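Next come two complexes built around chain A: one with chain B, the other with chain C.
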Partner chain A sequence: MDLMAYKFHMITWLIVTAFQVLSVFFLWVAVYKNSPHAVINGYTFKEMISFMVMINIFNYIAFDGYTGDVISDEVSDGTIANSFIKPISYRVRFLATNLGVLGAKIVVFGLPMFTISYVIFALLGFIVIESIGTFLLSLLLFLIALVLASMLYDAISYIFGVLSFYTTAYFGLYMLKETTIQFLSGTLVPLAFFPAGMYKVLRYLPFAGMAENPVLILLMRDSPLVALQKIAIAIAWLVVIELFGALLFSRASKKVTVGGG
Partner chain B sequence: MRYIKLYFTCLKRAIISRLQYKADSIIGIIGFLISNTATLLSIYFIIDAIPSLNGWSIYELGFLYGFSMMPVAFDHFFSDELWNTAYWKIKNGKLDPFFLRPIPVLFQIIAEAVQPEAFGELILGGVMLGICAANVGVKWSFGLILLLVIATIFGGILITGIKIFFAAFALKFKRSGTLLQGVYNMIGYTRYPISIYPLILRTLLTCILPFAVIITMPVEAVLFSAFNPYLLSLLIIGVAGAVLVLSVLFWNWMERFYQSTGS
Partner chain C sequence: MIEIKNLTKIFKKPIRKEGILGMFATLFSRKYEEITAVNDISLTIDDGEIIGYIGANGAGKSTTIKMMCGILTPTSGTVTIDGVEPYKKRRQVAQNIGVVFGQKTQLWWDIPLIESFKVFKEIYQVPDKEYKERMDFLCQLLGINEFMNQPVRTLSLGQRMRADLAAAWLHNPKILFLDEPTIGLDVLVKENIRKAIKTMNQKYSTTVILTTHDMKDIENLCSRIVMIENGKIIYDGSLSKIKESFGDIRTIYVTLNYVPQLDKLNTFDGKVTYDYRDGGLAIKFNAQQIKVESVVDYAFHTLRANDFKISEISIEDVVKSILKKQNEKS
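This part shows the complex of A and B:
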């Protein structure tokens, strides 16, 4: 809720994001102008633009760096010691916070931003809604995929936070985490643009489920069956990553050194 | 003179304080390498799908990207603490002690930290520059090399100046990190040929936030002989100096509005 307290910060954030999307927009305009084909790797210009806008909004809604930031702060200032004596699991505490923040973000930002862009794109003909039934089904599946994406991100954020037990500093880990996720989740460029071999592998990694897959579901590029498959893959990965995180924590917590409080 | 000596004392202290977290520095360097490689690969994947981007081949774009990292790295090494100031330092009341010391606040902030991760960018940028220049077949001359060195150093100074200017807003508004981030991100615009943007953005990038002057124009001078390297070097020095002076004046003026958050 630190977020709400600083309005100046919020407004500037919107401008910042808009400007970032704008540069990508002009890049894509130039790319399609220079291209001899109207469809590049399965995307028309209109589809590409709606994809890029939606995935950027999605990033803001689904990803919250809180977990990793707080763990590393607690490691560096020593307050982590308190967490070891509290009767609540360290992981559950962050999971709950993350879901709370996600809920607030969906209501306050996600709903208006997604709705406005979706309506604009639909009016411009960038998104074609074939039937209300498919639309509603996609919307439902999208919501599930969004929650899963946020939980996947949080689980990975947690692992990187716990890794700071070893490094006692977080900046490097943070960079590593953000970049890997941005690149492999299709945020920088759709996964279909990757070389064929990489694309085949990336589709089954957890990163695809963290941004590209939910957005493709929202844009109705996937049939409900394919969407369900993708959701199943995301759930499977979530279980694996959480297990890994728990294992890592139990090992790392023996390592933790507290540098005074 | 006293300040130069003081700066080096602080620098030494900052490096020692960074070395406390050796593992993090190494991971940071790797992080920056991966981050830039990822962006670069994305550009490659996109451009690979088309013949050329407004006449720029993939190697020419790589050269542009590689060079864009040099001034950024230079600024990055020296003035990273400005981020901390704009985002958290003032809000958390940690700037208060700075005002009690008999040294300019801005000087203390700059001297507070260094960022060894910058070497990661410098190395990657240099390697890319070399590889792409060889593939494009750049005809190097003394003037062009001088131009790139000047653009790196003074470009870094210009970026620092702009960072000071926008971090100064935090003195009044407690927090200007996002604003600073937004302006800083505009550097990313110069990774692509400036001709892909509409006139208004091109004007913004050359006249108001002159990142194109320190990145795009030197590269165009090297690749397409678009500018005289000596005149362009002078222009870069002039613009960077002006921006730095203006920003420091603005910072000092904004200091008058500083109020502690009391927390």
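This part shows the complex of A and C:
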């Protein structure tokens, strides 16, 4: 409901995303033009462009800062009092909202955006579909990975929100969260561009599962087996992060203060 | 039944220095000052009571209420509602309580009011039949039907408060916490809300804990008042008793067509005091010490009063003077 109430907000974000995609596009055009190699860190130009476009659309669909923002707002204006007197779990409330928003975003924005860019890339030969079977399978795995990515993002957003119980200020926490995720999830540059040692570690952190892995699955760069492994890692991380969040909340909620009135 | 035992809440507040330099200094050294908002209070509230919880701004009323409904965790001491500590079993207790914070709405700001009610119905799992029945009753009682389809942000304060009350009653809570439910409202809406609270209390024998700065609320609704100052309970008892203990002070206002000499008037051995202002004379006395007739008789026959008005002490005066006395002590 809130999603529709803020139509304008959503559309502004859409425009911002479009500009991001454009600037990233020109950046990589310049990089590949000036590079002596046709393949950089395992990505051809065509692969790189499809990856960057897809990951930006992916970001727009899967990431929603709502949870952390709302928690910190509730802490700073004291409306958290209203949430604590409801017979529903604080976490479940945000989980449900996030899944609802994700569903709406997939239908309203994700479906047309992914379809259009996928069709264009396929026609241009940027994406090669070997068989319908693999395509459908990776599409299914991608959808699972997308939901997991969004849940991971939400779980982390929740933790940062709950941290504002202690700090009451959220801006610093927000910046920390955003830059960490942008940097480590492969949204700025593919993780393969990091030094080899770092890359090995990053692949197994939850951040990879939040953007790069799902997009690689969609682009069929991974075999189904590898894709399943990545999904399993994401699930494991999700459990760990949610448990940590629950523990943090049970401690932090004792510290909460309610401002105003 | 609500039982409060030795309840204390201490807030830690970082001491910040002023100015830009001070801001940086605060970054590196964090000193805290401790503020005791609620200081060792004990209280028992029975089912079906309407309690007026009063005190000056910052006396600790809201903090107590927030601990009672499980939002804040006490520093020490306990609150139990029917044997359960609300801040430990938040969700379990939430099902049995309703809360209205006059300063904060619980309703969803951007969506039509009716949708908020529907969400509350789901949150508290109110059965369809009960929901319909109670909605009809509440709509009639509070007159909220006319703006049911408007987004909450377009409602006036009075409309919003009535809607908030209805939302708090939707799941028929055993205990209702009302934190300044009449703040900023006009006389008619206040009257309406008081009537509603009374009706609900009688119909469902809901326990009501009410904080307010409007003494009319207290006089109209509460059988018992608890007064808190600087985190401590300074009075707990019935409304009539507090008036009695303070003395049955009456004031007779008379108009005279001459200017009286105050020091020549009969003070009945110092039991009566006089105050002359703008052509009117206020005669103040304690009806327990001196008969009303004799003062009235004196005013009419000796002072030859033209006009005549008598008033009893209001609860507002009582509270005012108790708080004043407390302030002088501390």
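In this section, the second predicted complex is superposed on the first by the 245 of 261 C-alpha atoms of A that agree within 3 Å, B and C clash if a C-alpha of one lies under 4 Å from a C-alpha of the other, contacts with A are read in each partner's own complex, and residues count from 1 in each chain.
As a working rule, contacts are C-beta pairs under 8 Å (C-beta built on N, C-alpha and C of every residue); 3 or more make two chains touch, one makes a residue touch a chain.
In this text, all values refer to a predicted model and were calculated from it rather than measured experimentally.
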Exercise. Can A:78 be said to touch chain B (first), chain C (second), both, or neither?
Worked result: second
Problem set entry | Partner chain(s) touched by A:89 [first = chain B, second = chain C, both, neither] | second
For this session: Could you tell me if A:204 is touching chain B, chain C, both of them or neither one (first, second, both, neither)?
Result: neither
For this session: Name the chain, either chain B or chain C, that contacts more residues of chain A.
Result: B
Exercise. Taking the superposition as given, does A:244 touch the first partner, chain B, the second, chain C, both, or neither?
Worked result: neither
For this session: For A:254, select first, second, both or neither according to whether it touches chain B, chain C, the two together, or no partner.
Result: second
Exercise. Chain A touches which residues of chain C in the complex?
Worked result: 11, 62, 66, 69-73, 87, 90-92, 94-95, 97, 99, 101-104, 106, 108, 110-111, 115, 123-124, 179-180
Exercise. Where on chain B is chain A touching in the complex?
Worked result: 20-21, 23-32, 34-35, 38-39, 41-42, 45-54, 117, 173-179, 181-182, 185-186, 188-189, 192, 196-198, 201
For this session: Could you pull out which chain A residues touch chain B in their complex?
Result: 6, 8-9, 12-13, 15-16, 19-20, 22-23, 26-27, 29-31, 34-36, 40-41, 166-176, 178-180, 182-183, 188-189, 193-195
For this session: Spell out the residues on chain A that touch chain C in their complex, using ranges where they run on.
Result: 1-2, 5, 77-82, 84-89, 253-254, 256-258, 260-261
